[in-house]
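Each of the next two complexes has chain A plus one other chain: chain B in the first, chain C in the second.
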Partner chain A sequence: MSLAYPHQSSSSVERPGWRKLVGFNIFTGIIGAVIGYIIGWYIGKALTTTPYYEYIRVNTLEDDLALILAYSFGVIGFLVGMGFANYPVGRMLGRPASLREKETGGAWRYFGLSTDHKVVGIQYLVGVGFFFFVGGLNAMLIRTELLHNTPEFVGPEKYLTIVGLHSVVMLGTLTSAVLGPFANYFVPIMIGARRMAFPRIEALTFWLLMAAGVILLSTIFFGGFPTGWTGYEPLNDQALMGMDSYILFFALVGISMVLLGMNMIVTIVTMRAPGVTWGRLPIFCWATFVTAVLMVLAAPMLIGTLLMAALDRAIGTSFFLTLGGGSAYLFENLFWFFGHPEVYVLALPGFGLILEMLPVFARKPLWGYRIAVAGFLGVGLMSFFVWQHHLFVSGINADLRPFYMLSTEIISIPTGFVFLAFIGTIWRSRITFTVPMLFCFAWAFNFLIGGASGVVLSDVPTNAQLHGSFFVIAHFHYTIMGGLGFAFVGAIYYYVPKMFGFKLNERIGKFQFWAMFLTFNATFLPIFALGLKGMARRVTFYPADLITLNRVVSIAAYLLFASMLLLVYNVVYSLVFERERATDNPWHSKGMEWQVPTPVPVDNFPDKIPDMRDFDPYDYGVPVSGGGAAPAPAGAGA
Partner chain B sequence: MDEINHGRRFTIIWAVCTIIAVPLVIWVLGPNLGYGEASNAGEDQATTLTVLAAIATPFLLLVGLYLVYAAMFFRQPRGQMLEGPAVRDDAKVQISWIVVTSITVLILAVYGSVALIQNYGDGTGSGASPLNRPSHVGLRVQVIGQQWTWTYRWPEYGGVETPGIEIPVNTMIEFNVTSLDVIHSWTVKELGIKADANPQVNNIAFAEPNRLLSFEYRCTELCGIWHGAMYGFGRVVTRPQFEEWIHKMQIKYRPAEKYLPPFALTYQPKFGSHRAGFEEES
Partner chain C sequence: MAAEEQNAPFTLAGPKPQPGEETPEVRRARGANALSVAARLMAGAMTFFFLSFGFAFVYLKTSNIEGKWRPANVAPIQSWGVVFVVCLVLSAIAIVIANRRQGQGKAWLGAATACLVLGLLAIIAQILEYTQQTFGPTNYAYASVFIGWTGFYILVMLMSIYWIEIQVATEARELREQRQPHEGKIVYEHPDRLLPRGLDAAAFFWTYLVGLGVIMWVLVYLVK
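For the complex of A and B:
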């Protein structure tokens, strides 16, 4: 147990190697997980043999209750092994309060509970990167199966599991792709704070996500799951035990989201340094804040819904089963009430990153700060009023469809604000096309196509043609991969010098950008065409005349995957072969995160919290007299 | 500050491209959108796709061309580090942007809603009791989804259940879509029909085929491992051909009738769950 006080040298530094292994870290965590799993399994098995359980469970072949309890106890055991119980228990035993754990101590601190937000940020980057890779591998398997129009590679059952894994890994872990690494690392620095509001909870969100990821991947040992990421009932209920992995994964991701969101909200509300008023908060912090609110409001719906699904599966309730008085509509309704804010949880941090990077390389202040913030708030608010556009053909509330059509189309107005801020910022600017700036432009192009195709899908008559087709796939890959994904990779190039102290190679970076941008579009533009030709989602059988187009897509997708591996290559190359040490502020940014030294001290601001009353993160450009040279993006009156 | 009036120059470029592109979208791309327009719903959907593509084009060009324009003309001179003008906003531009996007969005929503109501749901599943029903329904057919096949029952022909479907041309048809197990979705792209098949829900869609053709029906809601194989082919035929076909079917499937439940709008699911205590019905 290491309850170090601020500035006290951590005891772990002097400990011998074997002592580190039995301390509270990932190894003891894994041991705790195994013990918890075994305990949970036997409790579940014991409960299954009680007379009551025999009564309600007539036709049972599987051990859902045992597996769900095993997973739950396994997670608890893992967290205890990681040391998350030490502090609460210590406090109950009367030990003094402390804020800090494992903030120093070399590479070892990355394998345990660390209360340094910068350590957690890097943990997140590696963890999310790993699951991004796993999701990408699954995408490659999908594309390989679709080389033929009949199931010849993995077969229909494994195919559905692979589709499910791809989508769930991506949607579950990428919710934290920006807030995890970049917001955890940079929001405290941007607002002039020394740490997050709840450092232990911050660490908890990361380790919960990792535990959830392992649970999800373990689905392959229990038969996989056939439902895709939506997990619709009653197929969910009918599925094998692998479905329980999905349920536990998403529920844990939901808990992680709520905690992460709450931590961000409290940090941004209460810990801003003097001068960081709401009107001067960096735009990335605003995006983080709105995303965090969406997480806190939407994710509990997911957790509750999945709990109901788990009860249906394990102990014979029938919330979603029509024969027992439940409703399959209920699941769809509840799921999408979470599901639609969720897609904006994926999109908004990308907006924030792009608008944060843009002024640096345009050498102009962020144009339209207030309208961009209004855009975030508008998107956040409206995202709770559109969810039934996913259910236009389901027959649920059919007479309300004009309302959902309107609300969905209205959400494109605040999204347009973000584009306006982008357009205004680069008007008459002085652009340097560094790798992050290239990614900003690519974001604008991709999200434009994603947004326009979204308007097509929001219209009921066209939705009737395109719902459930490959057009939808192309649409959300343009918004999530083309939007969030490109912002994420751009932000890696932008922030690695600050996080790790070296610069990624610019030449390889540019090559990687063009490879990624071109192959991304070569992959997903033809998918629009496939959708317009009527290719349905999640099928292993499709009309023979679509084989050629599918093969084009598959080849482009392989190259896209290769371009992502190029990013890994760039990291290795820049780290090992041609290491260029980064200066404190290689991009000449005015943001607070670039004014602190590299590597960032444990306390961010060791002496005292900065006075930011005269600080302006977007203090670029030369003053213009009278404002007469105001930008007039000409076609704005289109 | 350079001499070029970027605003005017970009506006001209954009206007010229728009004037060229929009007719191309309407008359070259438009006819290729949509799957066949073999019903009132399919026709309207294809038209809507064209309209949306035409409305989106100026916006796509605006941002797309602007990105290219900015990348070409708003560059940092090589080897220098100049700052741009420190302009932070412009109320006029922002207000006009808001007005233009809002008006466009409202037009789209009104257009979509009118199309939806005029065409009786435009071929989509509109729930058990659609507010807006056509007065001239000429035929009712029940579409039943189950893992992993579609069957059809004909209430006006004694509730006979057939494994295939033929429907008469120029007749407003009411499709009652339901499921016996999980959620499916009955999609006929040629006729512009898409309606989810939910257990214990009667989901109604209307469409009026306007030409003779054979069509493909397919499940488009993930329903288990053979979801992709849940498709088949039907035909739109003349009314006499249809009558002949359905009478043949009535004779052929009469022996099966005693195993069928009486015709109803929904049926007890085959199982609620294989685990939750509901035995399969005998």
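For the complex of A and C:
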């Protein structure tokens, strides 16, 4: 029986004419979103005019139900317009599965549902980059307001919304900053697979994130939200309709996280090529795997919590309202059960990227592979047992404090494993100070400060003093931006040659690195001092003796933002003015992702998936002249 | 590809594939494995999702803030609750039977269809209860948990029912196509028959969901 393999013949399935005409792309998606929004709004308004609704939700001038339904129907309309409903409806009618959407063709495939993991990876990179820019702009507004110790720029209310937007954009969209672009693009290649396990779900996670981002930005039309990224009750329930944008945004991000995590785990568990055993899985895949587990288990708690908050706001339930027998403290517990694993969802992929890049530029095998994996697993497991340290001053039973203080301090031990692997790898190595390697060192410096200040904060007496101060801001910016942010930018320099086929200018890159590193530290080190001096978060009034320090921080922050724009400049310069075409393996890496040709073929390994039983992605002990240990997959041309 | 090859029955028999060779058999086995892992992960995700409602139930009940946990006049309609849970349990039994009958022709279809019908009946029972109960979502904490938990539970049920419906619809269409073979149609050896049907995974998820539903029923209907 000469059955054709699906990866070779599925393109022969012709699309019906009407489908070609309608297209199902971003424009039909936007049309669907608008139609859905209008329908949802009118349904919501119709429901709110019923006598029953007046009975359950008296004394309200807000159209929360209408807005929540409008957003929900808008998202559904958007997805239908993008073509996400075609496949499920077809399957419901018993039609055969089709595996591919927009995998070939020109730039147009980047504006629609594509089942090619590499297209989705690039979509993520651009999408996350855009929201990173938006979050950065909000940070500039915050620093501009804090140039003065009284509100003179945007005012206290708008200031809260800007703080909220900055934090929610950064923490919401950057949960996928590494898994979205880099894991989607490279994990299948690293493990010798042709695609992700569920390619449509992969595409869905990206477009859900983009829809969520638009919903969040629309909050400015509905009065914003005053709660910051935590959305604490009872302020959540009391806020204007802009709060609904926050709720829908984070709920959609949560759904996107669950699906992204599930897809990653299934891909790594079931689609590894022969020889890619658990003990030989690339370290970045391990970090992705542990992060994905956290996403699958922690994010549903957030979704459930936000749905309860939405019900409280829209139909008058009493989950979190004391007047109706609910409890705001319940929200805070449920939120942080998600919230602390979320911190490691942000940090762990950065660990993976750093340890993946390090051996390449140290020209030495990764030291302490098992130690690093144990560190990832330890961090992942323990991240579920520390959440109450966020509530040390919020009414926690005093007897519980020592446990959560200790668990928080102990989580620094598996984190230390990662540093051990870092130091062991660079020990007596032949380091090449390329731009990605510089970012690796910067990560170590920054994350060490962030981690150490975290141990300080976990101490209950210290926490009681510093809670809600700028010290906390400095701590988590050192861990998230200093950790994830620097790993993310380093990975852009490292992986752009494979993803786009050109190298970023090294000279501009080094200048950008030093500018970013110095201005980052000039921004956030003084913030520790501000916190110790008692400067509180989320307020526009502060003591006059802190003005000078705040102005130093603001100027450094402007320069930090400018240093990020240098990265954009470098991309444009390297792409347009001085294009250096990248070879298949410009870094002479042993990783499988560098053994495939550039650009990577649609199926990664067109003829046959590689036999990786004799393959070692960190085999830098073998002289390169001997051909290394990296077998070229058949047809890969490497 | 010749027509007789297209209509040839699919079989897993054949030469053992070489390492790295992605034969239809390998692809099918890998696909089944992927669905199986995905079902278990979704079960884990659903556990944590409903854990948030379970935690709310336990926390608010034990706190009983200002004595507003559950006023005396707030009580679910037990008879509808019994109908709901009986339908759920029977549907789980039906899907287990369907799963065990795989490979015996179309013998599993009846049991899977029964699971679908029973699942839908459970949802209808829950909705009917909403229309008849004497309390609304604003009647304090218990009412909130009841409406929220059961409401989102039946939403997840609908998604799971969709998964089982795909199994039934695909089988029904395949049987119909086999009775009326004709040229020019997409045939099933590509690509659908290369993919697993997924009944194992769907059955696992449904029975797990029913387990969560029974726990929910015990808490919101039986615990006073």
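Please note the rule applied: the second predicted complex is superposed on the first by the 595 of 638 C-alpha atoms of A that agree within 3 Å, B and C clash if a C-alpha of one lies under 4 Å from a C-alpha of the other, contacts with A are read in each partner's own complex, and residues count from 1 in each chain.
In the analysis below, contacts are C-beta pairs under 8 Å (C-beta built on N, C-alpha and C of every residue); 3 or more make two chains touch, one makes a residue touch a chain.
The model shown is predicted, which means the values in this text are computed figures rather than measured ones.
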Chain A as common anchor, with chain B and chain C clashing or fitting: fit
Angle at chain A between chain B and chain C, C-alpha centres, nearest 10 degrees: 110
First, second, both or neither for A:R91, with chain B first and chain C second: second
Partner contacting more residues of chain A (chain B vs chain C): B
Chain B versus chain C as contact partner of A:I371, first or second or both or neither: first
Touching partner for A:G316 - first (chain B), second (chain C), both, neither: both
Contacts of A:A273 with chain B and chain C, given as first, second, both or neither: second
First (chain B), second (chain C), both or neither touched by A:R401: first
Chain B versus chain C as contact partner of A:L334, first or second or both or neither: second
First (chain B), second (chain C), both or neither touched by A:G324: both
Touching partner for A:G304 - first (chain B), second (chain C), both, neither: second
Shortest CA-CA distance between chain B and chain C [superposed frame, angstrom]: 8
Set of chain A residues, in rising order, touched by both chain B and chain C: 56-57, 312, 316-318, 322, 324
Complex contacts: residues of chain B adjacent to chain A: 1, 6-8, 10-11, 14-15, 18, 33-35, 41, 44-45, 48-49, 52-53, 56, 58-60, 62-64, 66-67, 70-71, 74-77, 81-90, 92-94, 96-98, 100-102, 105-106, 108-109, 111-113, 115-117, 119, 121-128, 130-131, 177, 181-183, 185, 187, 189, 192-196, 198-201, 203-204, 216, 218-229, 231, 268-269, 271-280
Complex interface listing, chain A residues touching chain C: 1-7, 9-10, 13, 52, 55-57, 88, 91-99, 192, 194, 197-198, 258, 261-262, 265-267, 269-271, 273-275, 296-301, 303-305, 307-308, 311-312, 315-319, 322, 324-327, 330, 333-334, 608-611, 613
Chain C residues within the chain A interface of the complex: 1, 5, 8, 14, 19-24, 27, 30, 33-34, 37-38, 41-42, 44-53, 55-56, 59-60, 63-69, 136-138, 140-145, 147-148, 152, 162, 165-166, 169-174, 186, 188-195
Parts of chain A lying in touch with chain B, wherever the complex brings them together: 56-62, 64, 151, 156-157, 160, 226-228, 230, 232-235, 237-238, 312-313, 316-318, 321-324, 328-329, 332, 362-371, 391-399, 401-402, 405-406, 409-410, 412-413, 416-417, 419-420, 423-424, 426-433, 441, 444-445, 448-449, 452, 455-456, 458-465, 467-469, 532-534, 536-543, 588, 620-624, 627, 629-638
